[in-house]
Amino acid sequence: MIFALILGFLLLIIGIYGMLTQKNLIKIIIGFSIVDTGTHIIIVSIGYIRGKTAPIIDSGVDLKNAVNAVVDPIPSALVLTAIVIGLAVTALMLSFVIKLYQKNKSLSIDDYQELKW
Amino acid sequence: MADLIYNIAAIIALAGIVLSFVRLILGPTAADRAVALDGMTIIAISLIVFIAYYSNRVIYLDVAIVYGLISFVGIVAVARYLERGI
Amino acid sequence: MELFGAIVTLAGSILLFLGALGILRMPDVYNRMQAGTKATTLGSILFLAGISIGHYECGCFGKMVIIILFVIFTNPISSNTLARAAHFAGIKLTSRSVKDDLADDDLEKKGEEK
Amino acid sequence: MISIIITVLGVVMILAAFLAIRTKNLLAAIISAGVISLLASVIYLMLAAPDVAMTEAAIGSGLTTIIFIFTLKKIRKGDLND
């Protein structure tokens, strides 16, 4: 599915652009979340085969030639794990933002220069 | 004949999503944007049911069930934030 | 039977479109909420009922009824919470509106407490 | 039909991503990120992955919005106290 592949790459580019150009910490995390969604769409659209259906056996799929009627189930399993881990990473970054704000009272990334040398 | 009418109905619902999104771009206050998100959620549930009909799989309806249960929680969170207390 | 279901689905989708048009064109938040909640609730109910009528052999009546019940239960909750939040956040009514019952209730309650 | 739906939703998603990046209002950016997750769930369903669509609907559209708003509330509360 070429449209979904193009959509995923455009989302990834927009997310990286946002992460590189914004100064606000929460805006950077939103850009990270957009990059996450873009990569997930790319991986799922790689596993899609045109005209075939989901790999769940019920009344909609004939059991005799089920191998020829379903798409690849491995990329969706990978993405299923990646979504949950993405939520955990986002929550960790947001907790860092809260601690940094309590320390320095600022959300701009220009005010955090302790690691520059 | 019936398939054509179903497809026309889905395209009209897609136009509804686009119109709500225009309000989400324009909206002067945050409450306007939350209202637009609410409308987009309901239309998306209808669109999921249409895709389940179009692909001829009953199992896709479970996604609509989960969506109908979970989706209003985000809007309630935005509303409680506007009311200054979560 | 299938044609009847298709026509019901078309009516539902037209209601969804009109609700979205109301969200775009109404003058202030409360009117937009009115259009965007009531019209889309009825529209989605008609859309789902039309598809389940037109394909009665698929055996999906139970799931459709559950989805319709969830829409009926959750949509007024979010709308009510949002309207209350918009009122207490201080968003003004439009200039053509004539009555604000919640503000009057607040004034009466404060008067009783004093 | 599937191509039409993917194209229209994809254009809306890209516009929402631009809005989330470019706007000054933090609440508007968070709501736009929620819209991206909402439409991504429909696109996963059209790519024949209903399990991913279910997880994205529950986690991406519900829980991520809530933790962003919780962070915003924490930051604003610190502002009011000092």
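Letters are used for the chains, namely A, B, C and D, taken in the order the chains are written, and counting of residues starts over at 1 for each.
Rule of thumb we're sticking to: a contact is a pair of C-beta atoms (placed from the backbone, for glycine too) under 8 Å apart; a residue touches a chain by one contact, two chains touch by 3 or more.
Not measured: the values here are computed from a predicted model.
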The chains touching both chain B and chain D are A
Name whichever of A-D and A-B has more C-beta pairs touching across its two chains.
A-D
Name the chain whose C-alpha centroid is farthest from the C-alpha centroid of chain B.
A
Chain C and chain D: spacing of chain centres that average the CA atoms, whole Å
22
Could you put a whole-Å number on the gap between the CA centroids of chain A and chain C?
32
Between chain A and chain D, centroid-to-centroid distance (C-alpha), Å
11
Chain D touches at least 2 other chains through residues 48, 50, 70, 72
Shared interface positions of chain A, touching two or more other chains:
53-54, 56
Could you check chain B for residues that touch two or more other chains and list them?
10, 17, 34, 55, 58-60, 62, 71, 78
Looking at which chains touch which, would you call it a line, ring, star, complete or other?
other
Any two chains that touch count here, so list every such pair.
A-B, A-D, B-C, B-D
Contacting residues of chain B [partner chain D, same complex]:
7, 10-11, 14, 17-18, 21, 24-25, 27, 30, 33-34, 37, 40-41, 44, 47-48, 51, 54-55, 59-60, 62-63, 66-67, 70-71, 73-74, 77-78, 81, 86
Given the complex with chain B, which residues does chain A contribute to the contact?
53-54, 56, 58-60
Under the stated contact criterion, what part of chain C meets chain B in this complex?
2-3, 5-7, 9-10, 12-14, 16-17, 19-21, 23-24, 29, 32-33, 36-37, 40-41, 43-44, 47-48, 50-51, 54-55, 58-60, 63-64, 66-67, 70-71, 74-75, 77-79, 81-82, 84-86, 88-89, 91
State the interface residues of chain B toward chain C in the complex, per the touch definition above.
1-2, 5-6, 8-10, 12-13, 15-17, 19-20, 22-23, 29, 31-32, 34-36, 38-39, 42-43, 45-46, 49-50, 53, 58, 61-62, 64-65, 68-69, 71-72, 75-76, 78-80, 82-84
Can you list the chain D residues touching chain A in their complex?
3, 6-7, 10, 13-14, 17-18, 20-21, 26, 29-30, 33, 36-37, 40, 43-44, 47-52, 55-56, 59-60, 63-64, 67-68, 70-72, 74-75, 78, 82
